[in-house]
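Below you will find the structure I want to go over with you.
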Amino acid sequence: MKNTLTKSVAVLLFVGLALVPVLGTRAMVQDLFMVLTLLILALNWNMLAGFAGLVSVGQQAFVGIGAYAMFAAVILWGLDPLVGIAIGGVAAIVLAVPIAFFTFRLNGAYFAIGTWVAAEIVRLSLAQWKALGGGTGTSLPKGTTKDMFGVDLIKDALDMSSSAASDALTYWLALLLAAVTLVSGYVFLRSRMGLGLQAIRDNAEAARSVGVDPIRLKAAVYLLTAFGTGLCGALLFIQITRVTPDAAFDVVDWTAFVIFITVIGGIGTLPGPVVGVIVFYALQRTLADYGTIYLIVLGLIGIAIMLFARKGLWGIFTAKTGIELLLLRHRAPKRS
Amino acid sequence: MIWVDTIVQGVLLGGLYALFAAGLSLVFGIMRLVNLAHGDLIVLAAFVILTMAGALGLHPFVAVLIAAPVMFAVGWLLQTYVLNRVLGDDILPPLLVTFGLSVVIQNGLLEGFSADSQKLSAGPIEAASIKLGPIAVGVMPLLTLVSAIVVIFALNQLFYRTKLGRAFRATSDDAVTAGLMGIRPRNVFAIATGIAMVVATIAALYLGIRANFDPTIGPARLIYAFQAVIIGGLGSLWGTLAGGIVIGVAQGLGAAINPEWQILAGHIAFVLVLLIRPRGLFPRAND
Amino acid sequence: MSAPVLTISNLTAHYGDFQALFGVDLTLEQGQALAVIGANGAGKSTLMRAITGILPSPRDAITLNGRAIGHLSAPEVLEAGISMVPEGRKLFPSLSVEENLLIGAHARTGNGYWTLERLYDLFPILRERRHNPGTALSGGQQQMVAIGRALMSNPTVLLCDEISLGLAPVVIRDIYATFPKIRESGASVIVVEQDIGQALRIADHVCCMMEGRITLSGAPTDLSRDAIHNAYFGVSA
């Protein structure tokens, strides 16, 4: 019963969000686009750190490579940016293979810094790619986003300017990607593999003894989240339209914020990133003018959550109310 | 001859990286904690020295004597009131707490000192150099390397020759049994972090005299420190010195080929060492 | 008999929802050697963990020379005068034999009976091997180090948890042969054993535990084999 209700609310919310470009202002579309992309990054990072126990602080590697691959597709090979997004995702998964090979040798906590080093290596290497502007970066050619596949269609159907139509298109893609990430995360975690993953998190030895191979499972999650993060990176930089190594591989924008969103919302819980991104957006709106203070506040909240409520706001909520949405464990059969 | 010079300069630079890394290595060896804020704490220490030197009109080498106990207290308080609460089998909380701390320190310093570049001014010694055969060696870089060696020697003596060091090793082996010996692991950890911060302060002294610094450079120092620790092998302090030198030399050679490749060359050396010797150059036997 | 050194009254212990001890009462007299015997899972180790402060207890459930110590932490209990030879020996692998012994004196402030020299006289083999890593020794030698380490704090009460576990009978006999000397130093002793034979030979008093309760208590000479057998296995012969 409760699950059906949750699903209906989710579908309604999705439809409501999908209507924003039609009914809302362009500023709303652009704001929500940023929120949705952060949500996508947070969902991926939560899967990685919260469920697979792989605390990466180097996810900016995949945002950056996704962005650069998309730019290369558009500028060097003359492809449509939408194709560039797909290439961005593929580039990220290809990059993830050597990075995993190297970072998986580092154990536990050192894995975190290893991923960071990997991201730095990719950043510094791409800064040598002169065709894409080297260290100073480059912009999408004027009009690229307006010529994207589907922009004309939206423009005519909704009677809006082509830049508004391109905003709407990237927004819908972000919404779709967020929904797909959320749903596939849910389905994955309830699958055999997903339950195996949670078993590893709870007790690696026991999981191994029942035939779950932790390394392979974790590597699979690592590659898949790299793919999602790469897609998101490419999408983000269609909207931003200008790429530099420093911006594309920014540890604060693409990893620190994402970690705080997940931690505040509830790491290791599926609704956590959703709750986190809402709180994050609200904080950003109230504190954005204060710049550094905003980051200090985020950091302090993150520390406080880890000290006093490790499952974040969502954890507090479920503990207080007993309500669990998107239940991950199959219910044990009731004893009569 | 130019190559010999490059390598010598690289070795000297390695001394600085070893100083960055020694505190990280010490803390990891004792409590298996990786402090992601280590780089920012070094930068914080540099600002403490700067403030002391400015307010009291002291030479940085004197100001560091006041800054060191201050930073010891910072480390002690940090461990006692924050990090001890998150130590455990789950590596997530300590990582995320120290990550949060890194962001807080960095932005706190930005708020307090602005993003302007700062420098500790040590006077004529900064430009002084001595001739070692055909190579001119800067006095400051040489002093850095010597300090690194002295610091690591002292830490080793502490570790293997004193009652406190015995307690460090016992707690690292088995904190519960150490408790049965009358050792209070949390106190031991607090002292260890305090000592790590004293070492960080010494690192900060040379960081600030040799180059400009600003609140945002902490994470890069953390990365160099981390690479030195991993290359050396976890738990080996002399290994950490060797690791720092490997990074320093690689960066020096990279920069000699193309200035843009300095940092990248260090990273690549790190990856290569890790591919060939996954446990570092001098791994501890029982880890 | 003189005044009790250690008194345990109505001690209970829980691991989460699981209750491991149900109102245990026990007294240890000055200079006494008490054997606590019982099968695996009877609650003996839990009792040791409670006394040493690894497991928190109510303040007044445990008193040492009249002082309530139930609430103290492990280091505080050690400072109060109780030290333990833990099950499985638990030597520190990073420390040499001598360092393992010295760390036993970590919290010690004054002088006392036990010194390195006296321990080396008690266990001469350790003198030869004092610079070896503790874990490079044979099981019996490791047990000697663990006992020596516990003695270095000059305890009022020495607890020995399953010291014969995994050792050859001849080694166990040698180790128990040192107990009279240990008792001469003034320490009262509690030995926890599954191996009844050795424990009963050195004990003045024996307590039998089963399912978290003390089911039998008395001098070994007063108790019949059958009574001990019943208390241990919980079946009537």
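In order of appearance the chains are A, B and C, and numbering begins at 1 in each one.
Here is the rule we go by: a contact is a pair of C-beta atoms (placed from the backbone, for glycine too) under 8 Å apart; a residue touches a chain by one contact, two chains touch by 3 or more.
Because the structure is predicted, anything quoted here is derived from the model rather than measured.
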Most central chain, judged by mean C-alpha position against the global CA mean: B
Which of B-C and A-B has more C-beta contact pairs: A-B
Euclidean distance of C-alpha centroids - subunit A vs subunit C, Å: 56
Distance between the centres, which are taken as Cα means, of subunit B and subunit A, whole angstrom: 33
Separation of subunit B from subunit C, taking each centre as the mean of its C-alpha atoms, in whole Å: 44
Sites on subunit C at which at least two other chains make contact: none
Parts of subunit C lying in touch with subunit B, wherever the complex brings them together: 52-54, 73-75, 78-79, 83-84, 86, 90, 92-95, 99, 102-104, 106-108, 149, 153
Residues of subunit B touching subunit A in the complex: 28, 32-34, 36, 82, 85-86, 91-97, 99-104, 106-108, 110-111, 219, 222-223, 226-227, 230, 234, 260, 263-264, 267-268, 270-271, 274-275, 278
Interfacial residue positions of subunit B with respect to subunit C in the complex: 163, 166-167, 169-170, 172-174, 176-184, 286
Contact footprint of subunit B on subunit A as seen in their complex: 49, 53, 55, 57, 102, 105-106, 108-110, 112-114, 116-117, 120-121, 124-125, 127-128, 135, 251-252, 256, 259-260, 263, 267, 292-293, 295-296, 298-300, 302-303, 306-307, 310
